[in-house]
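What follows is chain A paired twice: with chain B in the first complex and chain C in the second.
Let's look at the complex of A and B:
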């Protein structure tokens, strides 16, 4: 792989190449991958010209697997080993799965994130999702002709920490560097806003296969600001299918079904739902393995009747999000419809009635999320120039809390806080010589621990032994731009950084991920070592470019010796990248990172000063006459 | 009102780091009354230069720094945007902390008034009287607004931090009441 030439000191860096980055919509029913080509966001089709990849994975006895249409075609024949809608299982325990008795899978009885027993062994939802992501990665790499710098992967805005972390872990298993986890409605807003030059407050109503999101955003020139978000991470088009399925069972008076028959009737139910988007009546006919014949007609009226409560369930979070944003229906300039399930006429009607306006449907509801993600990926990869970019301010969907005495929750980070965000809290010991402290973090809005989702138990170790109450441990809860929580702790008296051991309630430990990574490499066709080396080279190239452009822009912040140390690091990395030793490459990267640490801090400082210098003094000094007591009124 | 922080910042002499106070960070004068539009603009400009999205392709240390800075800017914005948080912060800067929980000694008439409000909210909530709740909400907001006006005088004209701290303690009660009212209205909607 050719690396860029290192510019001589003082010489300006050559305009950097277009970095290959993609946006991935990892959906419950279907997934897509998109990229920006010649300034235009496009969905990348498979070799048969199909944009969608059904989110279906089938495991085979030899340990291999197939994802997409091929797997989908076999789901009625091999339902136990063909996993559909795996997104519903991400970061979830077995007790969280609704209608699991109707599902054909064999679940592993274990605490934590659920697992499925397949003919190829026990699989975690993270591994299954990774197969979908891997398929999309390969599609993108063959379409774009190179290794990807990274991907923006979308998640439902209402996904909690465990579900987000599971998605990020799946990307890791699939060999995809994650530039950002992006909320699906936000991705849609980016695509819609940029395409239409929209300004004002918009609502994004996103009803996908298995999740529902509502986000309220303020769109202004170059700024996308999420004001509030809400939703239901277990409500989607699948539930409409399920209602039809139950109606079939009842109407045809069927005896208990085999798993194959159940899977087939669920497919018929979905087809009927789709048919009703364009017709008044849908015929449903099937011959079961028992020889029984199903022959029914589902009318639009009946369909509306049996799904009325589902629609009402989407409007509750809508009202809550509006309230959280401090807005009313009258403030909403437009309602962007996202997700295949919004094609249903009764959804369109219900949303139109609620917002008292026609919903906006001028973007393909199935592609808009992937397209927005591709635009954001292009931005994050650094393919856009300053002034031709935008700022995205997103929020955390659910409050983070801490278990306190009596099973109560103390809120640490309230929902709808703009991310990244952090809160610090002080704790003390209650026993003499106590050296460890346990914290239980939950996510949700309720007051009792039992009513919220357990995220993780953190154990702080290495607290200096002191008398009870003397240690002062400052625990910082940091939520990053992906909406993921990290916890760090420090004893204030001694300044000792205490170790934090994380036990995720519904997540995977680092060891488990490492084991899965090893396991997955045993079955993939591409050479794992070559792949790892290639990924490290891309990473090295990214770093070299980042440092070079930093030197070109702000090299004057460095003393001569500092600069020469960085130049030496660059050269070392450049040479390591030309070699075949991945280990050496990683060490060279670490060395360069260490040399640029102080430089990064100075650059950040300058960048902030520039933000001020952009405004003139009279502007800053002015409008004090406007001064009021803020928004208290 | 002096605008020293802004010019100092731009002259580049004042060291700017993560411990810079929130007003200086946004180049705003340290006062209770502030122009919301100016704060909003400064916030967006600052985030545009420190947000992690700007450094997604940068090296680890730059990414970590961006997260810290962006977090700090968010915290600063939330603190200055809300009048109660801003007032508490001003007191903190002037070393007059409100002592949130310890100092709950309030005049009896104020406490009785609060109790009456609270009962009225509970009653209306039990009766599902959305109209009454909304009416109370309006009244309470009017009261808050005039109390914040007075607070502006105390901070910006009279620099009376002791009296201001006392007013802030009362405002904490009223803001809590308003939050309860919001919750009651939400419960009626559901």
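Let's look at the complex of A and C:
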């Protein structure tokens, strides 16, 4: 039988109507899924009680794939087809990927976003991420006993439009309705803010597997406002592994390695890093395929030394974010640590020294983002409880603008504007008689178009021919709560208008996404339909059974015509259950339920009377209203 | 007439209530619903209602409205785990038949 959770007063869901929602931390190294149970946010573990799902997907020659620990275990023996840290490739081109010469993958350049060649075919990062999300969705559905109404998925605050859109597309492929994308540090603040009821300005230092984010947030009267964000979308715990890896190569004086050896040594490097969080010295030993043996000892001091520059690299964006927010270190009331990499003692120390205070880390830094996302998801799914009416103000991480004459950028929506937002600016024509205007939307802080990221291009046509500078063209930028952009342009004299929703700037058109959806979901969809039909049939059988037994027990409560209507409903449902049309089946069930509603009420009255028969007043706990309803029936 | 909590259920309720930070206890009830007749109600209680009947079990205050009580009499609320899923379960001796999932039932 279904297991129930405690609802807020008056909010008990009708049977089979629970609004199941989850928060997902789609991480570079590990991913998690969390939900709110009986008012408490919890991470959902897998069958073996493990909270994390390694963000690793392995493709097999038969076209199938495995995600998580199973895939991770095969990383060393099948590195080319085992994709780790795919988040780094989301919405990115080949040239955006650092250390790619050390990666074992075969990349394909595709417009905007790279592809990976695997034994199961060419895969886009969106498809690979979708496998991770699908695994989490299945875990959540079996843990919650139902279909999810949606998920809040977290993204680094520094993710640009292409990366956000890619994340949404991955969710779509995985069959997960996205309630909202939420910045990771904001999610962490939600978890901390609600847990601790803390007010003031906080810094969230999030060093994950592959991304670094710093956010300056103000928490006041239940409102979360992001004052500034910054970071580096290509810096994280993986880089610390990389440093150890390089140190191993140098210390052991190794010749160029095979792909398998490199992968294995990277794993050893990661293990050493984790070991050093609790010990002073980490032994590193490995046997290469050549038979050569690596046997080294890495001390905390050496580790701190070789990663000093990485730590310094994290503090640059911290200083910048503080400057953006118009604050100094002294204004920061607390520093929230997020991400498994913040467990490294030198990170805690460096952050503590910089902010001149002990960082907050009483919540598990690996879970805190998922927990905050779950709270937000619970709220957005409508499972609102009193006192939870908090509002969330978020900001866009990078300025949005237009290319103007000479390849310059005119910023329309400045960085750190709170979203949702709409901004408009007027432009004019450059030449006499100019009837069209090309608009090029870019994202970034630099002055020259070439240094910013190109998001979209479109043209406004049909401008009446006028002398240069006479046409007035109003360009409006609208950014929704997910940080996604829509741009429209309107010539004010003639009213001609055109617009574009800035979707995948990485070159996946809607058609391509649809094709991908179709490809990967072709069978899944059939299966899902079949499953839904099957479930409806089972439900119908149950209903038929229940009504029949009710008729047998209490049939005397019905007049002849009422009974024949119910019998007709039963027959109708029986016939519908034999067919293949799920809709018809559902309609037949609704009909029968409607016909039996009055019957159910009468049966309840009878059973109340039976329950009270032979009991005296004191046993009935002296409730007057109860006695009345019993008599009145 | 009585309604009780198992020890496991009581410790989970206590944990959730502490986390919630307000409320006087747990409200159990039934209401009419659809085909099989009735569905359970399981909610935090912020205030007692005039027709509530109260019980205490392992230190947790339980409120049951008088209309629901005949259907719940003798029920023990338990907390169990089924595979990955976990939550509360009504062990209700009055139930004659339930829908497959047990969310709605008949007495």
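Criterion: the second predicted complex is superposed on the first by the 452 of 633 C-alpha atoms of A that agree within 3 Å, B and C clash if a C-alpha of one lies under 4 Å from a C-alpha of the other, contacts with A are read in each partner's own complex, and residues count from 1 in each chain.
In the analysis below, a contact is a pair of C-beta atoms (placed from the backbone, for glycine too) under 8 Å apart; a residue touches a chain by one contact, two chains touch by 3 or more.
Quick caveat, the model's predicted, so the values are computed rather than measured.
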item: Partner chain in contact with A:593 - chain B first, chain C second, else both or neither; value: both
item: Contacts of A:607 with chain B and chain C, given as first, second, both or neither; value: both
item: Touched partner set for A:546, first chain B, second chain C, both or neither; value: both
item: Which superposed partner A:330 touches (first chain B, second chain C, both, neither); value: neither
item: Chain B versus chain C as contact partner of A:180, first or second or both or neither; value: first
item: Touched partner set for A:145, first chain B, second chain C, both or neither; value: second
item: Partner chain in contact with A:478 - chain B first, chain C second, else both or neither; value: first
item: Touching partner for A:495 - first (chain B), second (chain C), both, neither; value: neither
item: Contact residues common to both interfaces of chain A (with chain B and with chain C); value: 542-543, 546-547, 550, 592-593, 596, 600-601, 603-604, 607-608, 611-612, 620-621, 623, 626, 629
item: Chain A contact footprint on chain C (complex, rising order); value: 1, 12-13, 15-16, 19-20, 26-27, 31-46, 51, 53, 66-67, 69-71, 80, 82-90, 97-104, 106-107
item: In the complex, chain A residues that touch chain B; value: 19, 149-150, 179-180, 222-223, 316, 319-320, 323, 379-382, 391-393, 417-422, 478, 480-481, 542-543, 545-547, 550, 592-593, 596-597, 600-601, 603-605, 607-615, 617, 620-621, 623-624, 626-633
item: Partner chain A, residues of chain B touching it in the complex; value: 1, 3, 6-7, 9-10, 12, 16-17, 27, 29, 31-38, 41, 44-53, 56-62, 65-67, 69-71, 74-75, 77-78, 81-84, 86, 141, 144-145, 148-149, 151-152, 182, 185-186, 189-190
item: Chain C contact footprint on chain A (complex, rising order); value: 1-12, 14-16, 37-40, 44-47, 139, 142-145, 538-539, 542-543, 546-547, 549-550, 592-593, 596, 600-601, 603-604, 607-608, 611-612, 619-621, 623, 625-626, 629
